[in-house]
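Below is one structure, written out as structure tokens; the observations come after it.
Note that the chains take the letters A, B, C and D in the order they are written out, and that residue 1 is the start of every chain.
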Amino acid sequence: MRVEQIVLNEKRNVTLTVYLQEVGGEFRNVVKRPAMLVLPGGGYQMCSDREADPVAMPYLKAGYQVFILRYSVRADAVWPNPLEDYEQAMELIRSRAEEWNLYADKVAVIGFSAGGHLAAAAATMAKNRPNAAILGYAVTSEDVKGCNKTAPDTICEVDFDTCPCFLFATRTDNIVPIANSIRFMEALDQYGIAFESHIYSHGPHGFSTCDTSVQHKDTVISSRVPNWVADSISWLKDVFGDYGDGEMTKPVCPVHVNGDHEPFLSVDCTFGRLMSNPQSKAILDVLMAQMQKAGSQAAETGMEMNEDMAAMVNKMTLRDMLAFVNTPVSIIEQLDEQLKQIPNV
Amino acid sequence: MRVEQIVLNEKRNVTLTVYLQEVGGEFRNVVKRPAMLVLPGGGYQMCSDREADPVAMPYLKAGYQVFILRYSVRADAVWPNPLEDYEQAMELIRSRAEEWNLYADKVAVIGFSAGGHLAAAAATMAKNRPNAAILGYAVTSEDVKGCNKTAPDTICEVDFDTCPCFLFATRTDNIVPIANSIRFMEALDQYGIAFESHIYSHGPHGFSTCDTSVQHKDTVISSRVPNWVADSISWLKDVFGDYGDGEMTKPVCPVHVNGDHEPFLSVDCTFGRLMSNPQSKAILDVLMAQMQKAGSQAAETGMEMNEDMAAMVNKMTLRDMLAFVNTPVSIIEQLDEQLKQIPNV
Amino acid sequence: MRVEQIVLNEKRNVTLTVYLQEVGGEFRNVVKRPAMLVLPGGGYQMCSDREADPVAMPYLKAGYQVFILRYSVRADAVWPNPLEDYEQAMELIRSRAEEWNLYADKVAVIGFSAGGHLAAAAATMAKNRPNAAILGYAVTSEDVKGCNKTAPDTICEVDFDTCPCFLFATRTDNIVPIANSIRFMEALDQYGIAFESHIYSHGPHGFSTCDTSVQHKDTVISSRVPNWVADSISWLKDVFGDYGDGEMTKPVCPVHVNGDHEPFLSVDCTFGRLMSNPQSKAILDVLMAQMQKAGSQAAETGMEMNEDMAAMVNKMTLRDMLAFVNTPVSIIEQLDEQLKQIPNV
Amino acid sequence: MRVEQIVLNEKRNVTLTVYLQEVGGEFRNVVKRPAMLVLPGGGYQMCSDREADPVAMPYLKAGYQVFILRYSVRADAVWPNPLEDYEQAMELIRSRAEEWNLYADKVAVIGFSAGGHLAAAAATMAKNRPNAAILGYAVTSEDVKGCNKTAPDTICEVDFDTCPCFLFATRTDNIVPIANSIRFMEALDQYGIAFESHIYSHGPHGFSTCDTSVQHKDTVISSRVPNWVADSISWLKDVFGDYGDGEMTKPVCPVHVNGDHEPFLSVDCTFGRLMSNPQSKAILDVLMAQMQKAGSQAAETGMEMNEDMAAMVNKMTLRDMLAFVNTPVSIIEQLDEQLKQIPNV
């Protein structure tokens, strides 16, 4: 492994520590590697070593190129300095993708506490968005002003271009209220962004990997907490794909859970969305009439459609709905073709 | 193990299946057992076998007495019939605690989908509240009306007497939108109720334990999903305690994360709460003045108190805040005495 | 789940407890189930409840039909009474395979301590061999005479028809020395029988599932110990196959690691075995000459064949050896045809 | 983290890669760190990168200082060159313990395949023994001569000073027969050395950490295999102790399972050992007579002592035996004092 330290901004004391692993040779099926950018926490007053190297190790083991950004803190942390530090780091990482043997479109970011705020800002506001973000007991709301007056709420910045997110925290965190995680999820849900989240019953703020070398073994903290590390690696495989034959396999987990925010309609839009557009509604009305005539499914299940059930159905994608009533794939594909002609306005 | 089937309501076809394990004898340190009441799902149209026996087994292994309630469905599911079935079951379980060798104050409920709705209703609305609730891809919101027009939203019923909850679901659930879990957590947070939650990135609705005998092994579903079973057992130890010497040990995870909703104030109330009551504010003002004079902590950390930081501090408990600045326990206890004289109004 | 108790031998107080789960219906892809026969321990003086029901539960959860045999103990334990109890139970289980919805050729046995001795005897000496055996801190050697004078050493009974075995124990077991597990593995190795084994660093004898309801939470015992339960279930999938579409999938783990004990030779025999038979040696000599001529592989790797390396090669199967030097599958299959004509004498 | 490469032997191309982590500062309770020396495999023809950095990472995460030794290979591998490389590395590591912030008496070694042979040699033959050894699909027997004619069998070198060992391998390894692991355990057992071992049902040789970046994700290999990494870390805590308050806690797992090979006798010797020495036998005879008189225990359990049972008892430590019959601690300690006067000859 090669280790390098790059000064990104001497005045503000911003550095990027670079951990680069070999490719090829005995790593037969490794041509390039996905990458992880670590943003330690520390209330925008410091960048904690406890959330730097110990966090890098498991991703290195999992086959990642890993970078640690020590961003602007204290007086230098006035917004948007930290975000600009991030932008600079991410631009550098992607621009050297060839040299550093990494996939420019598989660069994740992980941040803790205030670093989690910066990761959330990166995921929602940056020009150079990461491809996935891991938010550890992150400050995402206005609560950030408690440690950095100039830093923004990120929840209201969640948009359709936000990357898939993995959140973890303890419910009893007494520094960053758990509402920071809950409300961020809510925003992700509104925009149909993929996510996973683990809120553990109890434990203090700032546990990092929860290894006994970073968090005292006698800490009163849920025994499930250390699982976030392996779970996040497993999740990254779902959103980035896994090492295959000289390339990464296709991800099983798409970035958006439905097509409601894409430029054109599709069978992956929710039923509700499709019914709200006159053109697609016309198509569906015909389809529904046919189905009602066939009508077997409803009879079989003994369920009658009413407005409330309709409310539920409105949230399903058309694809799922059609699969549920055993519609042949060829018909679904045909519908998809039709819908993809219609602008999503 | 003894198995019994008790008819609770012949007309509505409501039954309680009872799995009772021995105590004492070779189970040296088992005097009584905690208990689990299983509420299978099925859209209030059926009680699914996939969420009955397979769910009972891991809790039996973990040392629980287990009960499966097959509650009123279809036409009989008109509200509050299912909740009354639950009340009847819970009353029976607690009334026979001696005979059935179980702890009447350690009876959890686990429900899936519509059964999760019933579990959420039990946790928030019942006369006979459970001591803990596990909600699996539960319908908690008005979405329930899609399968049962008369059933209520449970989110708005969350109150200070709601028991600790453990939630799990998949983010891409296309039958019960994930907002059902997120918004329930938000309500729990508002009332300071203990909880743990795991939202897995992807997978269909209704996976039960995710064993291959209940969910096809080729299902596209997060590999983390099956962990909810062991995690829920581990969590129950945190809220119920573990088998000790002839009795259960003290739980590490309290029911409420702070004292803000207790009848009297205490050091476990948040700073914000205490500052909003004139009597406790007077006490704190004196305390703060003393601390400011000593003033060493702020200087050390290089952080200055401002309104934003104050906002953050307002959400901490006084106990945590005092511990953070190394206040002697004796002083904390003394303060607690004082505060406990003041009604929380 | 249906529970039944069958008296197998009234005089000797031998009973079979039967836990039967449903098939079909909502268990869509479950036509039949594999089965597990539990043999509790107790020094042939008793059948311990701690190794009965708590052991049944995880296999029930995993989709098994489960049976608990309480075999002859104390004065009745004179050999071969316990083995005859086993034979009777296994015959009954297999004869009722249709009625009880189980696969007659996927019946495993699990035994603990003295019950582990009985399981080992079943695996090595019985007329009705199980299809897999799990041996928990089992007595397998003459040590058994310490609790049952008439019971035999099972290590010397290991033969080619012994089923795949899964062994677990603690290294510091002070009742059943760990040599019982080590020497049994050695015998399995000699006969090329599939196995898996986990010897944990420390812990007392008789921990069962190691749940806190059966083994006191303060026991000084390796934290890895409870893993044997899930690991054994995962292993059983490897040797029995997993639930597929209305039938079990093909096992990934074959019963024998090579073909050295099969009635006819094959490419799955070790090189050593094939070279010791004149007919197969003649075939291999030709093959070797051809390969030497091509000779590229040895040159490439820079390794020269000497007697010591030959000793190593003698233990590889011909198939593995040929695959290692990239021999085309068609040639391997052709060789296999030829070798399968030659009786393995 | 600091990275350094030290040339140990230029002529033979032997290098030590050094990964050093900080102590103190934010790592509040870390004064020094335990250490791990990695010995990659490669048939004494190379040192494989697949068993170098990827292996270092999990131990770094767990809080270790990590070293990778690339020892003499090919022509330079003539014995004892590789062992001398090891001695040189271990001496260097221990001599710089202060500078490198590591515990000189908590240095483990991990080796794979041929590197596992070198680790086994280090554990059994070296002047500078490691404090614990992890042997991954290690060659321990004469099989080593297949890749290095001059290298010795290590099984016959196991002695009383061998350190605790953790072994793992796959049962179907077709390069290094599993007998290498089994017979090594047998030797460890004979000398009463602590160990843990995991033999997984199936998988090829050389899987390293089994991460998909080092072992192709489609490899047919037991899904339990990747567990060895976390299990080995957990085991090391048992034999080295865990991070406590500024020092490591007391190990729960002693180096020797009994006192049979210590210079003086004790209650930790086996009953058999104590009965074979006339002095200790005289003490025990008195004790036994007293116990027989009291005699309650045998009567209670309904078991009679016979020669076979005696054989079993001979393998128990006196301490365990006395604890089993509820002997007061004061009497056990008194006996221990007496026995510790008697040389173990």
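The rule is short, and it goes like this: contacts are C-beta pairs under 8 Å (C-beta built on N, C-alpha and C of every residue); 3 or more make two chains touch, one makes a residue touch a chain.
Remember, it's a predicted structure, so these values are computed and weren't measured experimentally.
Common neighbours of chain A and chain D under the contact rule above are absent. Chain pairs A-B and B-C differ in how many C-beta pairs are in contact, and the one with more is A-B.
For this pair, chain A with chain C, the centres built from the Cα atoms lie 44 Å apart. Our note on geometry: chain A versus chain B, Cα centroid distance of 27 Å, whole angstroms.
Annotation: 42 Å between the Cα-based centres of chain B and chain C. Each chain pair that touches appears in this list: A-B, A-D, B-C, C-D. Partner chain D is touched in their complex by these residues of chain C: 43, 45, 74, 142-143, 145-147, 149, 164, 166, 171-172, 174-175, 177-179, 182-183, 185-186, 189, 194-202, 220, 222-224, 227, 231, 234-235, 238-239, 252-253, 257, 301-303, 306, 308-313, 315-317, 320. Contact residues of chain B toward chain C in the complex are 1, 3, 21-22, 25-30, 33, 48-50, 53-54, 57-58, 60-63, 209, 211-214, 216-217, 237, 242-245, 249.
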